[in-house]
Each structure stands twice: as C-alpha cells, then as structure tokens.
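Read through the structures below before going on.
Two complexes follow with subunit A in common, the first pairing it with subunit B and the second with subunit C.
Now for the complex of A and B:
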C-alpha cells in the first residue's frame, strides 16, 4: 500500500504529517509505504491514498488515490481516526 | 542546527496581518544569520501562492520555503503574537504561535521536524507556549524535546 502526505512545497509540513501518519499506522499494525511530496508532484504520482489538508485537497481532485483530509496535524486522535475510517490494511 | 534557542524566540509581538507575522518569524532567523533575506521573501511568496495550508493546527502556523531559497543552517524560530491574527485558514484560524522553519536538505532538517512534532503533539505544551510570558517559561516547555 502506498500513501502520500502532501503539502505545498513538500519540505516541511508534509514531513510532519508523514511522521504522525506513520505513528498512527504503526500503532494499528498497518504496513504501508508513506512518502511526502508537494502538491504538483503528487498529481502525477501513483498512490492508494493521499493524506493532506482541506486547503490542498481541492487541487488534488480527480486523482485516482483516495483523498483523506486531516485538519490538525498535531492531533493524534484526529489522525488515528482518519486512518481508521479510511485506510484498510491490505 | 538551532531549535528554539533563546535568541530566536520573541514573545508578545504585535503585527497587523499574516504577512507581518511571517516576516517577524523570518527576521529572527535572519538576525542570527541562519537564513538569507531571500528566504523571507520566498516564505511570503509560498503563502500567496499556496495559501494558508501551513496553519497546521488551531493557533499554530509553520511558515517555510525551500532550502534553495536561502537557508544557511537548519533552524526553528518562534514568535508568540500579542493578538491572534487571521491567516485565512477555514478551520485553524486565528494564529497565535508562528514557528519560522528554516528548511535544510540535511539530516538535521528531519531531526528538527521530529523535535517540533513531538513538542506540538502534546496539547499541554501548546497551552504553555500560548500562556508563557517569559523566555524562561518557553525554554522549560521545550527543554524536554531538545
């Protein structure tokens, strides 16, 4: 399973999100390859899921991956919930 | 690598808008020669182009640009705003804590982000950073993550 965490530049905030998403996946025992990138690179990448903010989700509409929105990147409860509700172990 | 050291923290800062808030966080990095002036411009440009997505949690913004925009040393500064400022984020506005991130392409960048994430994953730490009135109080809160 491939998951992208996406931000505007692919440098900072997508990396923060990646760390916390990996933590959430690990806690749930879900194995996945998580990569961080910027929004324009993401549109031409293959992935099963894209995790990003509400602000950037709009520009990724039409992507084949399922888009998962996280509003608070530091709220592990929200991230755990988002992973649980949207991502199925494969 | 400089992570929220005394000289790059400023409390009770007055600004008029989001751009001035980004500028304030950038000026702290510039003052200690951690970035070039071009990096502050790039942070503002990124905000104009990509919007306020870097408002990552209620009250918390982490403006940054790319390493090639002029970073001398990986660093994180902090500006605590006197009044909450709107960045135009639908959910996490208004902002009171602005962390200026000097993004480097080195391994130090990853290490800085780990420290910052572990600091901000704890809601109690955020509360303390919001309430702090002295640099000492801030240093105490972040001491554990250093």
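Now for the complex of A and C:
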C-alpha cells in the first residue's frame, strides 16, 4: 500500500504529516509505504491514498488515489481519526 | 595513519558518502527493517547528488535573466564574475556542511536538554540551506579554511541559532496557535518578528484579516512550482519584450543567443527552466531530509523530556489563511518596487524567488495580522521583500561573491541575510 502526504512545497510540513501518519498506522498495525511530496509531483504519482489539507485536495481532484483530508498536520487525534475512517489494511 | 587519511578523503571528503553514513546510522537507531534501511540510505545519497544537477539548471537560467534585466536598466554588463557555484562548492565543502549540520543538531539537543530552551529544530531543508549559505560566507571571508575549523565554527553557530530562534518567536506563536506545543523553526523568524512589531506599532488589531472573504481563484498560490514559473515567466516576458524593441549591441547579443528561435519564446522557456531547476533541487533535498529528520526526531524525543518541536513555517498558515495571502501580496508589490529601485540605484538585478518570498512573507503576514490585523499583514509582507531584496544584493555582491552567489539568489533568505554579516565578522575575527 502506498500513501502520499502532500503540502505546497513538499519539504517540511508534509514530512511532519508523514511521520505522524506513520505513527497512526503503526498504532493500528497497518503496514504502508508513506512518502511526502509537493502537490504538483503528487498529481503525477501512483498511490493508493493521498493525505492532504482541504485546499490542496481541490487541486488533486480526479486523482486515482483516495483522497483523505487532514487539516491540522500536528493534531494526532484528527490524524488517527482520518486514518481509522478511511484507510483499511490490505 | 594511511587508514585515517583514506577515511578522511573517501568518507569525510565525499559529502554524499558521509551523508549516507549519517542516514544509515539514523535508520539503524530507529530499528528500521533491512529493506527500509537500504532504500533510505541509497535515497539519501542519490538525493544529495541530485542537488548539484538541479543547481546547474538554475544557474543556466540565471545567466540569461541577469544580462536581460541589466540591458533593460541600461546597466554596464558586468557579469557575476568567476565563482565556484553550488556544484563545485558541494564537491569541496559539502562534507563540512553535512557534518556541521549534524553536529549543530547535536548541540541543539544538548542545549535543549540542559537549559530552559526546550526547542528541537526539525525543519531539515532549512537546516541544510542555512548551513550551506553560512559555509559560503565563512569560506569567502577566511579563504581556504581547514575542514575541522569550518565544521567546529559552523556547528556551534548553527546549534545556538537553532535553539534560540524558536524561543524568540514563541511568545507570538503562543498568541497565534493558542497553545504552547509547537514552535516555529524557520529562517523567516526575523521578518516574522519585524512584521509583528510593525503590526503592533502601525497596525489595527481589530481589523482581523480572517474576517474578509478571499476569492477561490487564489488557490493556485499554494503550489510553489506554478507560482515560481508564473512570476519568473512574467518577468522574463516583460524583459524580453523591452529588449526586442532595443537596438543596442547588448540587446542584439542577447537575441542572438536564442538562435533560430523567437527571442520571447526563448525567454519564456528560460523561466520555466528556472522553475524546473528549483523543482529538481527540492526533489534532491526532499530525498535526504526525509530520511534524516525522522531519525533526528527519534533521537531528540528520547533524550529531551518535554521537548517542543520547532517546525516549518506553514504550520502557522492554517491559523490565518487570509493573512498568508495578504503577506504574499505585500511582498510581491514590494519585490517589484525593489527590482526597479535596486536596478536603478546600486545596479543590482534582484531575482525575486517566489519560494523565498512566499514562505517568508506568508509567515510574516500571519505574525503581522496577530498584532496589527490586515494592515499588519500587508506591512509584514512589504518588510519581507525589503529584507530579501536588499539582503540578496549584499549577500551576492559582498558576502559570497566568489563562492555560491548562485545559491544565494534563490535559496538564501531573511535570517541568513541578517546573520550573514555577523558570520563574516566572526570568521574574520577567528580565522
């Protein structure tokens, strides 16, 4: 399973989100390959899920991956909930 | 003895290999699986080598941008001159930068452990660029400095900066985020503080930027690739049109460089090439920072109880999205004004890199809004472009003209410009 975490520049905040998502997945016992990237690169990448904010999700519409929205990249509760509701172990 | 020399040349002398080892160590400490460890280490090494490739692309586009605008302003075409460039600099000093960045982080963790400043700096790509630019300043000031002196000086300076900077911005961060859990770890700290100050003195706090409704059409501002290509494209286009109407030898020479192609089309391609070069460099940085930062975080949280992560500037954006756009608008207007003013006074062609302007001005905008509302946010943006424009001129012309002026034109920014002269002074004092 491949997951992308996305922010505008693909450098800092998406990396923080990646670490937090990995932690959430780990707690739930889901194994996944999580990568962080910027929004332009993400639109041309293959993935099963894309996790990003509400604003950026709009420019990723039409992507094959399922888009999961997390607005506060630092809020573990929101991330845990989003992961639980949307991502299933495969 | 032979072994030590061998290791010094082939491991410490080869930045990509040294970085590979540091990342390998980090992955082992995190107890990653064998496959993750191998892929992470390889990606770190490849990422570092990609940076040089992308730098070459950026320099090529800049060598068209600079003479183009010099011709527009009728400046005597004095080129950048001979300089090492990011590629050559990485080959010679890349190891010192990599090591200083790692040791600087260690100093940051130690200071956080034993002082009241509990901030751990985790914005990896800025750690890399700040150390790189400062290394360029030291080498420019001190000449052919020894590896160990460069590493020791830089790691102490970086360690102090990474510990103190988040503490300085934290009072405002508490106000913006409403809690004390996260800190700002970014080189936009100085303009954020100046913005907050200006907002306090001249702004109007009651006119909060979050009360206004912004058009949806501004959403593309979130994509750094698009906005870089767009603004550089506009500047190249305007420059190319002016040149097309000129008949001077300089203009003819520029047009001749386009060959069979139409000059305006050629100029537009250059602007996209510039954006492409930045995208390549950022890909490289992402590849190794993505492996390094989680390791850093793992180490820090084990050693420092109650540590607060100091994070990249977009962490403040969700708290005032309108202030982000207002800050950027203030900076964009300022950048255009300064492009003309710098060109006509000191004869410097300012390269308004949108990545630097956007992230710094947006952060400053949020800080300015917190103290001075809409007016505060706009002023903070204008202050940012002022610091970035004049800072770039001083940096490129005086502080690292022989080393990496090419990097300073797109990757150097607010805090670096204000600390650059201090670094130069200290290196002249010590070396």
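Here are some notes:
Please note the rule applied: the second predicted complex is superposed on the first by the 90 of 90 C-alpha atoms of A that agree within 3 Å, B and C clash if a C-alpha of one lies under 4 Å from a C-alpha of the other, contacts with A are read in each partner's own complex, and residues count from 1 in each chain.
The rule is simple: a residue touches a chain if its C-beta (ideal position, glycine included) is under 8 Å from a C-beta of that chain, and two chains touch if they have at least 3 such contacts.
In this text the structure is predicted, and so the values were computed from the model without any measurement.
Shared-chain residue A:15: touches subunit B and subunit C both.
In the overlay built on the shared chain, the residue A:36 is in contact with subunit C alone; subunit B does not reach it.
In the superposed three-chain model, the partner touching more residues of subunit A is C, compared with the other of subunit B and subunit C. Of the two partner chains, both subunit B and subunit C are touched by A:72. Contact with neither subunit B nor subunit C is seen for A:5 once the two complexes are overlaid on the shared chain. Counting contacts by the rule stated earlier, residues 7-9, 11-13, 15-16, 19, 39, 53, 55-56, 71-74 of subunit A appear in both its interface with subunit B and its interface with subunit C. Those residues of subunit A that touch subunit B in the shared complex are 7-9, 11-13, 15-16, 19-20, 39, 53-56, 71-76.
Remark: subunit C residues 122-126, 181-182, 219-220, 222-226, 279, 282-283, 285-286, 289-290, 293-294, 297, 309, 311-315, 318, 321, 355, 359 touch subunit A in the complex. Those residues of subunit B that touch subunit A in the complex are listed here as 46, 49-54, 56-58, 60, 62, 64-67, 89-92, 101, 103, 109-110, 113-114, 116-117, 120-121, 126. By the touch criterion stated above, subunit A contacts subunit C in their complex at residues 7-13, 15-16, 18-19, 35-41, 53, 55-56, 58-59, 71-74.
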